[in-house]
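Next up: the structures, one after another.
In the two complexes that follow, subunit A is the common piece, with subunit B as its partner first and subunit C second.
Then we have the complex of A and B:
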């Protein structure tokens, strides 16, 4: 499609010039277009109008394509999470274990106490995320890249090996399948190592995207399991607000990170950003493929900001708590998540492609966004009384929010938070559907009244 | 990663590394190698490094087939005889299905 668009642009400009030239010699062509207006008076305006229209069209075309390119991975992630929640009961069982970042319990006697506990939990979680983000910004500012990379590496390691081991074990238990240690070790070893290679080094794009989706789904499942009810919803709301502030406020940590990266003309670590094109910082070279997908922005030429990642702050937030939660996990994971978020933000702005990149730009979305979207839909499917109604409503709400966010991205052309709009819609739809639509539909069904 | 944009030497080196990496009990890596470089090796017009890439792909495919055969055999044996092995079977099992002898 990029090719097509590119060609369209070229055609338009060449047509414009041709028309212009033709008007001097023979007015026939432009005359036809202009409905009989005197050709000489018109061509320049036609040219500019066409160019402007083309620009707008391009922006919208790019925007539309990007939306679709992000719909698929977000949908896939949500589908994986919902499918797991529905089939593997492990992730909906509350064992009484909670993450260390949500120390207050919700099984209290009074509603007021519960509300207070969940608010405190949410505060602590956001506080932790904020601290981790600040640490990340500081590390980035002082160029401790090795530290950040090591963190990311270890957190991904944990995710790809440990969490997937637990996941696989639970799936086997659910389906009552016997599995021996040898085969299991081989499977986990292969899955993990190839995942690390694809994410941190070089690998096929599709495989890398698939792995990123899988680790986002795993994280979302961990959140769904280990966060108590009210805390989870409050955290979702609080993270959206945090994301909004962190990305848009001049002193927001994520914004500082993006700006620092832009100043240094660098890209952030790619390990935790989903990109619909070749995203590797050091492998900017994609030709044909980027033509088909979106490629990295062409900084020199166009406003690469258009491709700016939308969801950075959230990513960090999402990862951090998740990571922190794992009792045995060290700080690594948390930081990595934050890092990834940052990176996501910075990726698009950072670098100029080495060669002439006249292909389409890609879209990048932070993995934290994936995690929180999936977490919302997963919780909706796990705990809603309206079941599939509510799940679908939340799903649609999140996609609509994503569309809007990308639209805003196309308009504003700078890094935007991807969480607020989607999560707000999602929460509104969840509570509305659960409490209003479902009883309504139940009543309709009881009275056999079809509308 | 887009193979299109990479110079041929890099493609060869990447293919070679994937091939060598697969020896660390990583048949999946060989599978990825075969799938990813298949078009490069067999469906593209010839270039200097293509012959070597082809050989790596072929070797990866052979290694993959060997692994698949071994795994299939082992899994079949395990699933069939697990219950009969008693303690050893349980010791080897990560998950034990309920409701079987």
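Then we have the complex of A and C:
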């Protein structure tokens, strides 16, 4: 959960995108939470062999379904980001402005100076994310749920109104559409209010998912615009490492958050988590907290302009206690992912509930993951000279990384960071395709050779 | 160089493949995953072959055009061989995964058969190959320009689209035949697949004399289509039954009255 909050922080701060990113990016929040239950994926002695096999088979089938349930929103988010980057030039223009979390400039004289500046930028960003996560963990430990909720609320507010206003304005500029302020105000007001309601309260599942995707895309676009070149790549790499450590190390903040949530048998705010089902919503009647059935945008911090509403792990992670109880009842060992980013919840196969519950359980993925995946693909389409080939390669690499992560999740049955594998593949394929494949394919196209 | 050319060429190149995807693969999550994994394998093979080509170019004489063309031809041949190697690697991986799944589930039937995997992986290879060949060309066709202003062929876009279509379908057929021949240990069939891939790629060396490249490619496409159909269990009888709507099993499965 801490991850979520942090992610939220990271995500939320658009200006301080770092804040957002941290929470969101905590890639590694693997949530190994089994709410107080032993971390075994299936009940070893209870089930008979056939049941276990059936569970395994069902896990495979439902695992594949869950993978697709995550492929589609991740693909949609990437498509939105790439389409925007290709058509609206605002997000690729560097007008010299940078986020406050990346104070060092990259237009230096020497390459060495530039490398140093970008490393310092990345370092500061990761530091901010770490601090945010710690704050979240502390807030959660001392049960300051209201603070986290308010934080998330203001983050989403900023994102849904301010950033979407800017986005809409730029789209109108690109297509030379004239619009009066009244209509614009009406549109933005409706968009924002419906978004806040869907995300923080109740709403149709698809609408909620759509809003979460839009918010992640907006955050990714902000990152693409305001992060200088080398800093962006370094931050992506560093966030993957941070995620891995934060989720898997025993003293990692995300892990602490998750374990605390498990001890208390509470749910984490699903504020910054994209969820494919709403099945828990109806059971969480008694939760006083906002139920973010789907990923909630990360709560933004007030001082951060760019809010990355991506899954900021609120204290709660958005999982209200009711949801947790229901989960526990349904699932047995519960994997509560504090890391909003990473909440990939595979329902473990060895569960008392019957199979149909598996279908309804769905999967969760933190908004931070969405943001960073889209940021990578968006940068690939913005800056690569190989253009569409590089974009396609990064897209496939990220999807395969996500697939492998989910496979590992199914095998280990604990919360895992979703960033490392995908971002590593994405980065490798970006640089390899841009530098090696592009000249080869260009030469082939010139001669019209086919391989 | 208009939107019409863009849409026309896109639909020519990707129409059948997308239709196949939508009607046979999109519903089943496992197939989609294996399709994307197949695309990934093709991508890795391309990466390796580009790496080798890049290295050879760096150590060669950059000014000699013939040498560069020779290196490019070498790159093409190497790429084809690597693609087939990775197809074989993917086959081995799928076999292992299937065995593992079968052992785990202890059921008699697997969620996805090796033939379906052959089809899906071939299509995955085809999608990626086609996309990498033609997407940049398509995006250029949207913008302004004059085709062949320096004396090159005017039919660049349409021929690229048709070639891409052939390549995508060929990859699918090669996948089916390849996996089947690996299953039955018929190594001559494997060699024939690799050889036909090489022939198709080498035939494009005569571009822009499109009659020299497109016609042989489409002939090979029809031959491979028939071969893949036979490998997948089809026969003339099946075809007749299907076309005259007399195939009882199919009708029963689709709940349609005869």
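Rule of thumb we're sticking to: the second predicted complex is superposed on the first by the 318 of 451 C-alpha atoms of A that agree within 3 Å, B and C clash if a C-alpha of one lies under 4 Å from a C-alpha of the other, contacts with A are read in each partner's own complex, and residues count from 1 in each chain.
Everything that follows uses one rule, which is that a residue touches a chain if its C-beta (ideal position, glycine included) is under 8 Å from a C-beta of that chain, and two chains touch if they have at least 3 such contacts.
Small disclaimer: the values here were computed from a predicted structure and weren't measured.
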Which superposed partner A:207 touches (first subunit B, second subunit C, both, neither): first
First, second, both or neither for A:138, with subunit B first and subunit C second: neither
First (subunit B), second (subunit C), both or neither touched by A:83: neither
Which of subunit B and subunit C A:388 touches, first, second, both or neither: second
First (subunit B), second (subunit C), both or neither touched by A:182: first
First, second, both or neither for A:429, with subunit B first and subunit C second: second
Contacts of A:193 with subunit B and subunit C, given as first, second, both or neither: first
Touching partner for A:411 - first (subunit B), second (subunit C), both, neither: neither
Which superposed partner A:173 touches (first subunit B, second subunit C, both, neither): first
In the complex, subunit A residues that touch subunit B: 169, 172-173, 176-184, 186, 189-191, 193-194, 197, 202-205, 207-208, 278, 280, 283, 285-290, 355
Touching residues (chain side subunit B, partner subunit A) in the complex: 1-6, 14, 21, 24-29, 32, 35-36, 71, 74-75, 78-79, 82, 92-99
Footprint of subunit A on subunit C - complex, ascending: 29-30, 32-33, 36-37, 39-40, 43, 46-47, 49-51, 53-54, 57, 68-69, 72-73, 75-76, 79-80, 83, 101, 104-107, 111, 128-129, 131-133, 135-137, 139, 156, 159-160, 163-164, 167, 200-201, 204-205, 207-208
Interface residues, subunit A side, partner subunit C - complex: 49-50, 53-54, 56-57, 60-61, 64-65, 67-68, 71, 386-389, 392-393, 396-397, 399-400, 403, 429, 432-433, 435-437, 439-441, 443-445, 447-451
